[in-house]
């Protein structure tokens, strides 16, 4: 889709300086601009690029005073950065405006469908599924029987939602996510084999949650595994059965939370972190990447290490770990001195 | 599906106290009970909940003597816990009783199909595939040419099985698992590029294995990668080419085993563990979460750390690591004393 | 498919000793040989197996002089090892020679298709997609709108490529990979919730790249996330938005690279490594498994630990870490001695 500079200026309450008919079809950084792209200049640090950019249009602040001649078209606005964000969101909305049920989709007759939904080819909508208004299911996804998905939620391709799980409104579930697979529960038999403990609960994902591609969230043994509203999970996160992830908690890629652990609200958890089962992490906790949490953590603590301790303490100890050979030499020296006495 | 209390009592060899026509359609914990749910009370610790539960029916031990009035219906059995387990399994079986080949499934004419199988929409059954009796393939899975799957095995949606792999009886393979992708094998060229080493082996998964969602198991370069009978793998496990995972070994989420390593039987391996290639882990070995094993391990060892050492030794050393600043202060003090002499 | 010994000898410029009509349909190691398989003997260490092998045919060097009677058929060549590699590649090519568009594939009318392509059932080729010659898309994959894929590239089943990404020539993308999911970018609101930052860039994978099953590669916020030519990524790798992985760099399983980090060329990165965002790793860098890189690394460094330091230093310090209880005892002893004076 192409837009004219004048149309975009209109959207942003801005004014074109240059050719109002200049055509735009993509967005780019000012230093990577090419024919057909629109960029912005907000930070004076990047000013040099506006004199050489290949972008067809650049959005600038009203206050911007060029110090050299400019060869591109400008859109002048009050605040270039926030205008560009408006544009980004607009662009994103246009890109994701698919609607309708494509050929080779399989929608059960008992499913209840909201308005303006999209179901891509090869997506499976099971019995008694409820899809809210404006829900988008991209191709190759399976929404199993009795699943409920709220308004405006997007499920990208290849995502598998098991029977009976619930996903709230305004969520984004990226590609190849699994929601509701069985929790990892086995009872040992005397002969060393294991008996499967049936996992009959579900997963409840509340509103405004985003889950990154390749993540897996297991259903509860009984009851529910919860991802509370506003939580943001990066790619390849593992959430075990009966876990609860608190409101607005952010978890970076490849972290895993073991069974029945409760993570509080507004926590920031780094990448590749492991959290053992059956513990309680407070609110506003921060965990450094690659840490291993093996005990309860109080509110607002900062943790680091495996097993994790207070982050500042860990860093102090690690400084000495790095100097360990030198420290042992000092010990050798002391022993030598003591022997000579 | 709804059941009457009397029907369930009959299944469990129990006796109804209350309304035999009370209707049940789900299971729940006694403290989370709601209309239509059945719960159990076995542990006296939870007795208080039976007087307030919202569950329509509660299964109790014959020996249970209420100390307050009860407002729900009871099913009285010899052993409430094991009766509930029977019910769980029954419930699970009913939930997973799909049969038939759904529309938009693609089953090769040369595939050999057992009785009572289920092939969901958008699942692909390749040439010469053999599916045993009662095999269930959920939607959006690919069972490539020449794959063999034994009786009663369940493959959940989005799972991809490459050409020529073998999966035994009574296995459960969760969603978005990959079985049989190429091993990671490359030979360096003098110019710094790499030549792919063809990976022409396969993966053999024996009977009674469960594999968690998002796990990946590579085919052998030649020969087979083996997951021996009764092994249980959690979500997002990585098993490289030519690895062998022993009988009844249990591996927690996000662990990875590098190429050609042999893990013994009845091992317990924690989450996010890494095991290097070309080593041998004995039987009954236990590995703490986040450990890194870089050398052979004898039978029945307990390992911890990265690189991993004996678990007790690791914990001892880690206690001192935490006290490192204090230890260095003691060293400073000794040096000071020695200088003063 | 079956081949006769004479046909294979012809392919390898070798000579049959034994039955030229012996039939072969698989390859195996000499020690695992069975009826219908062909093996090779190059390393004299394995000579014993040739006298007992079950293989129907064994490829041997011209220089090989048997010391006992041989019961199998031989193909005599100049160099048995390289002849076997030729055979492996040949075998692999035959196995992957699918062409055509299978039933239940969904190819947009606006897609531009090269010659001899394969699109498996339940694969989705979106609007304006360009597929080069000989591209193979296995079942259950989604190639979204405006994606470009170069000649000879193979996309295995269940792989999801988001809108507008580019994949070069001669690439192999294994099953259940995600290319182009949104980068993990959020701006905090004063009330503790997060605002999504639209991710409108793409992913560019250059020629000769291989990506292992279950890996996830996020699109750039703006611009591109790059996987440079000849890079090899193992299974379950996470590449965040705006990352660049250099030419011929090899990354082992379950490693993750955070946003905007640039990894140089010809690096070797072990398994389960974490690299923080916004840093620069030089060329020819080697990183030990499970390490955590949290700062820039110069060319040709070897790193280890979390946080990672020079690998030799890490190993030295770790030796003392293991001896920590003993070191503290020495300190106790010194303090005791000093007190006694």
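Each chain carries a letter (A, B and C) given by its place in the written order, and its residues are counted from 1.
Everything below uses one rule, namely that a contact is a pair of C-beta atoms (placed from the backbone, for glycine too) under 8 Å apart; a residue touches a chain by one contact, two chains touch by 3 or more.
Note that the coordinates shown come from a computational prediction; the quantities given were computed from them, not determined experimentally.
The best fit of Cα atoms from chain A onto chain B calls for a rotation angle of 120°, in steps of 5. Interface chain B/chain C: under half of the residue numbers present appear on both copies, so the contact uses mostly different residues.
Here the CA centre of chain B is 25 Å from the CA centre of chain C. In chain C, the residues that touch at least two other chains are 104, 122, 140, 158, 176, 214, 236, 254, 272, 306, 321, 327, 331, 334, 338, 341. Chain A contributes residues 104, 106, 122, 124, 140-142, 144, 158-160, 162-163, 176, 178, 181-182, 184, 186, 192-194, 196-198, 200, 214-216, 218, 222-223, 236, 238, 240, 254, 256, 258, 272, 274, 276, 292, 294, 306-307, 309, 313, 316-317, 320-321, 327, 330-331, 334, 337-338, 341 to its touches with chain B in the complex.
Of all the residues in chain A, the ones that touch chain C in their complex are 27-29, 32, 85, 88-89, 91-92, 95, 102-104, 120-122, 138-140, 156-158, 172, 174-176, 208, 210, 212-214, 230, 232, 234-236, 247-248, 250, 252-254, 265-266, 271-272, 289-290, 306, 318, 321-325, 327-328, 331, 334-335, 338, 341.
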